[in-house]
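Shared between the two complexes below is subunit A, which has subunit B as its partner in the first and subunit C in the second.
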Partner chain A sequence: MTKRTAPYLFCAPFILTFAIFMVYPMIDMIYRSFYKLEGIRSYRFVGFDNYHRIATDPHIGNAIWTTLGFTAGIVAVNLVLPLLLALALNNKLTPFRNLFRSAFYIPALTSVVVAGIFFRLFLAGNADTPLNAAMRLFGKEPREWLFDTKMTGIVALVLTSTWRWLGLNILYFLSALQTISRELYDAAHVDGANTLQRFRHVTLPGIRPIILFVTTILTYGGLRMFGESYVLWNGNTPGDIGLTIVLYIYRTAFGQFDMGYASAMSVLFFLLLMVLNFFYIQSMGIGSRREER
Partner chain B sequence: MNLVRQGYAYRIGISIVLLLLAAASLGPFIYLLVISFVTDMSQVFKNGIALKITPEMLSLDSYRLLLQDDGGKYFSWFMNSIMVTVLFTVLSISFCSMVGYGITMYEFKGKTTILVLVMSTMMIPVETLIIPLYNEINLFHLTNSYFGVVLPFAVAPFTIFFFLQYAQSLSKDFMEAARIDGCGEFRIFLTVMAPLMKPAFSAMIILQATTAWNDFLWPLIVMSNSEDFTLTVGIQTYLSPYGNNYNLLFAGGVVSVIPVIMLFFACQRLFMEGIMQGGIKG
Partner chain C sequence: MKRLRAILALSVLTTAMLAGCSSSGSDDTGSGNSSGGKQTSEAKQQSANGGKTPLTFWTYVEQHSEFFQDAAKTWNEKHPDEQIEIKTETYPIEEMHSKLLITLQSGDGAPDIVDVNVARFSDFMQGKEKVFVPLNEVIEPEKGSFLEPVLDIYKYDGNYYGIEYHVGSPMMFYNTEILDQAGVKVEDIVTWDDLHEAGKKVLQATGKPIITFEVKDSWSYYIMAGERGGDYFDEKGNTIIDSEENAKTLAFMLEMLKDGTAVTTPGGGFHTEEYYGFMSKNGAASMLECMWYMGRFTDYMPELSGKIRMAPPPVWDANSVYPVFGGTATSVTTLSKHQDLAVRFLAEAKISAEGAGKIWNVLGFDPLRWDIWGTDVMKQDNKFTQYFGKDIFDIVIGMKDKFHTSNITASPKFSLANSLVAGDILFKVLSEKSETPEEALKSAADQIEKAK
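Showing the complex of A and B:
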């Protein structure tokens, strides 16, 4: 292996994976979206029928709203809360910083199934759950949170996901905060900037790239939501409460074996994500990043 | 004096806030741990999600049931999860570090193309491709096999990106020196450069191992024989429309968390270091 061929061999695993598990499935998916599975193995060409169906399927609208609502919620909560916690954990005055950092990270080690087991109970309709007991203090009736309204369904998803996602986002923010040089703060201090001004003019610009990065992974994490939804409602979503796009695609494909229709939905979902991706890459400016370094 | 007092007030205030949030973080574990020892689950739910648990209610019965249930099925799920996790982590770490390193350390034709491909596929969720991937795995006769679970996602752009970023802090002078000593390119990577990326390796090993251990959607699709399930897929079958087996659910959930927690505490320092230093700089 010479210096000339080496890079290609190093990159070979990616190129192979890309071709076999990305390009080929993509083509297969587009192809199948024009077909309808009949019986076990025979596909019948149906033209754009699957796509027409999407426009009139009432579940799709519900799934899209739940997914978008969840995404908005998860981005807002998981941008603000981890940033505040990272600021606290980055402050030398805060006691037991490493201990707290680990405590917040531990939920990230669990599976969505374990999280789901707990939050199903936590959000249950029983009058004595901690949540309903707290609501009673405010004079509210106990509620079956998971089956109440689409809104409580979304809140349940945000809560369950935040529990698991918080820790890693704190770490991302912490790592960014530690790259900001001490001198910038000292300089701002000398110039008479107060805490809020220092945050606005030193911290925020310093962690801008990581804010962008975390927003992006949260957006994609929100749009692809499946696990929490599947486990919290155990695959049944009466009145489409908690039904996300991916859960609907999954159920159509592997519950009803309507592969053609599910493929058509996946194709549109994929296109949506590609468009988002385009904006993300634009904002990162791949071409220019090389020269910077 | 005023500043000292301010610092004092801050410490107390922040400690209270952090303690409350840490309790919220760890509470669910403690709750599941305690409840997994309750013998008669109907007691728990009568008492309203077990806020009042007395010592008489506790025993190891749930764990005994877990071991015996259906000829020790839980044990085979556990082994499947171990196999999938080890296989995934080994493949993912060795290949992704190679790719990330290769892209960063060499100048070659097509470098920008590959970089753009990595970046643009990084954020494409696997969820969009589950249907054609399932058909493909079926075609390769890899359903109900470890490789079926592992292969499609082992070389993930995100992991490549992490190594790629980390490699940018490495100096190419070491490579030149090793070349002069007559070292081959792959040996340079293995013996000279990879050791320099140790923090990146440890961070990614933990992250990939937890990802593989906790992965849910893809194993759910690939594994259809119940003895081939991984833990996440298996445990959720204790929840069913015909009634939930809470004893097995709680005990099974607790046991499933133990290996990752152990791994985390064993490599905690290295993990934090790796994420902090190597990290995503955006």
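Showing the complex of A and C:
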């Protein structure tokens, strides 16, 4: 083994597993998107039929709307809220800091199924659920929160996901905050900067990489939302409330065995993500010459 | 040159990995012909299990796996020289069906015996190659005492590819406490119009609705529409989801919702924690489901014990039928290495009179064998007779001649149709009221046609 061949050998296990479990299924998916499963083993070639169907499917628009709405919501809420909480938890004046730190993190350890069932019951339409009981105090009628409108569906998804994801995001921001040198704050203080100015000119630039990182994982977490939506509505989303793109693809493939159509949707979804990815990479300047220098 | 060596090294590694993958398979067929190899491996398997033949059984209902474990015990007592060991695996419903599809596609890893949901059954019956073993030889001798409309659900070209657990007789569950307060008698409710009128009395006396309609699940609507001949597909699999019968049924439901004699189900369906809570607090005076829903009452609504009275569902007119569509078939896969044994075991477990008795006493289902309905086996003390009284099967006997097969397995698009009814039609028409019955049904029919 020479110095030149060694890297190939070391990379081989990854490349092979990647090729077998990622590249091959993806190529197969593109191939299947032109076919229709009939029975168990026979596929019939249907050309672009599956793609034409996407254009007229009334559920697609709703799924895209829910997915994008959820993504926007989760990015906005999960950037601001964890940052504020991290600032509070980083402040030495906050009492019981360590207790709160672990308390916020615990939901991240629960399974999506458990959290989903809890929120399903919390948002249920019975008059005696905590939420409806609270609404009654304000003189409002009990509501079926999960079956109200597409918007409440998105809010329910954001709420459930935030509850689970918050702790982890706080952790990211906390660790970032702790990397900012104390001296910078002292210098800003000496220069007469007030709290807000210190936050704007010292803290924010200091945690910029983490903000970008969190935004990225939230965006992709949002676009591929499946678990919470599946559990909250118990696999059935009446009136497409809470129907995300991935859930729709899953249901088409495994609920109805419509593999060709599900493949076609996946191909388009993949292209959509690639376009987003491209813009994201462009705007961050990743891989550009400027970065290399 | 160095590059070439690297490629060589890589390919050696690949070959080694692939060889590692397939080495387990070469044991069986490495020497001699393949059938000889198979036999030796079977013999090996048997000796490893203490002489018992292993059979795998997949299901998505925990109770069914207990039922089959129990059946295996009985089998082993009766057949000392043909011992079996049943290995049951329970998965969530969708996961089980997709796993089954994938194993049947790949030709490896499929179970010997499997539960298949009735709404998914036709998915597996498409194409020329059959994946399930015909059960004619065990069903036909007993056919006379079986309810044929339910047997026929799984009949394709004269062959039975699955055997159902239960009839799933449509059943009305009345809360007599609420009805008594309004002075309404169960016997007086014969037609749906009677129910509507009684609902007005109940509403006036108690402020409660007489019935709840599902908006997230389809089965109570399927029964109501089926009574007057409505269905999603005809016998040949043509889409009739937008039929006049279906539209009329939705219009009737809308009318009851409008005057408050009916409400939409809390939680959207009958199988939700919200609904159990609602009903156990005397939320509504009745509900329409299949007979096996008894188990939900005994397990989740014990407060209502003694208050619930079962009765045949209201009808539309003298021509109405009671649609039956079972729920879960058990089949033997053609990939099973012990097909004959699996079929005979399945017959003893579910087709024999003893097995049918257990379907009632262990699972709480109405068995397909009607010749035992009138016997004392069905009046034994169990949690259902304690809750609903001893005469449960007298009701079913009275309905028997009106049972009618639904075309639930006529089209592979049934699962799509069912999800459109449960997810779109009922919600948009009854809850959101954003579409008329005709609009919602037409849109669903279009989507099904495009998916064909």
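Just so it is clear, the second predicted complex is superposed on the first by the 265 of 293 C-alpha atoms of A that agree within 3 Å, B and C clash if a C-alpha of one lies under 4 Å from a C-alpha of the other, contacts with A are read in each partner's own complex, and residues count from 1 in each chain.
Note that in this section contacts are C-beta pairs under 8 Å (C-beta built on N, C-alpha and C of every residue); 3 or more make two chains touch, one makes a residue touch a chain.
What you are looking at is a predicted structure, and each value in this text was computed from that prediction instead of being measured.
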Contacts of A:Gly255 with subunit B and subunit C, given as first, second, both or neither: second
Partner chain(s) touched by A:Tyr8 [first = subunit B, second = subunit C, both, neither]: both
First, second, both or neither for A:Arg53, with subunit B first and subunit C second: second
Touching partner for A:Val114 - first (subunit B), second (subunit C), both, neither: first
Touched partner set for A:Arg41, first subunit B, second subunit C, both or neither: second
First (subunit B), second (subunit C), both or neither touched by A:Met274: first
Partner chain in contact with A:Tyr220 - subunit B first, subunit C second, else both or neither: first
Partner contacting more residues of subunit A (subunit B vs subunit C): B
Partner chain(s) touched by A:Thr237 [first = subunit B, second = subunit C, both, neither]: second
Touching partner for A:Leu174 - first (subunit B), second (subunit C), both, neither: first
Shared subunit A surface residues [contacts with subunit B and with subunit C]: 1-2, 4, 8-9, 16, 121, 124, 126, 128, 234, 236, 253-254
Subunit C partner contacts - residues on subunit A that touch it in the complex: 1-2, 4-5, 8-9, 12, 16, 38-42, 53, 56-58, 121, 124-126, 128, 144, 147, 234-240, 251, 253-258, 261
Complex contacts: residues of subunit A adjacent to subunit B: 1-4, 6-11, 13-18, 20-22, 24-26, 28-29, 32, 85, 88, 91, 93-96, 100-122, 124, 126-130, 133, 163, 166-167, 171-172, 174-176, 178-179, 208-210, 212-213, 216-217, 220, 223-224, 226-227, 230-231, 234, 236, 246, 249-250, 253-254, 259, 262-263, 266, 269-270, 273-274, 276-277, 280-281, 284, 286-287, 293
Subunit B residues touching subunit A - in the complex, by the definition given at the top: 7, 10-11, 14-15, 17-18, 21-22, 24-26, 28-29, 31-32, 45, 47-49, 51, 95-96, 98-99, 101-103, 105-106, 108, 110-112, 114-121, 123-125, 127-136, 151-155, 157, 160, 168, 179, 184-186, 189, 210, 213-214, 216-217, 221, 231-232, 235-236, 239-241, 249-250, 253, 256-257, 260-261, 264, 268, 272, 275-277, 279-282
Complex contact set, residues of subunit C against subunit A: 2-3, 5-6, 9-10, 13-14, 17, 94-95, 97-98, 101, 104-105, 123-129, 131, 215-217, 266-268, 272-274, 277-278, 412-413, 415-416, 419, 422-424, 426-428, 431-432, 434, 443, 447, 450-451
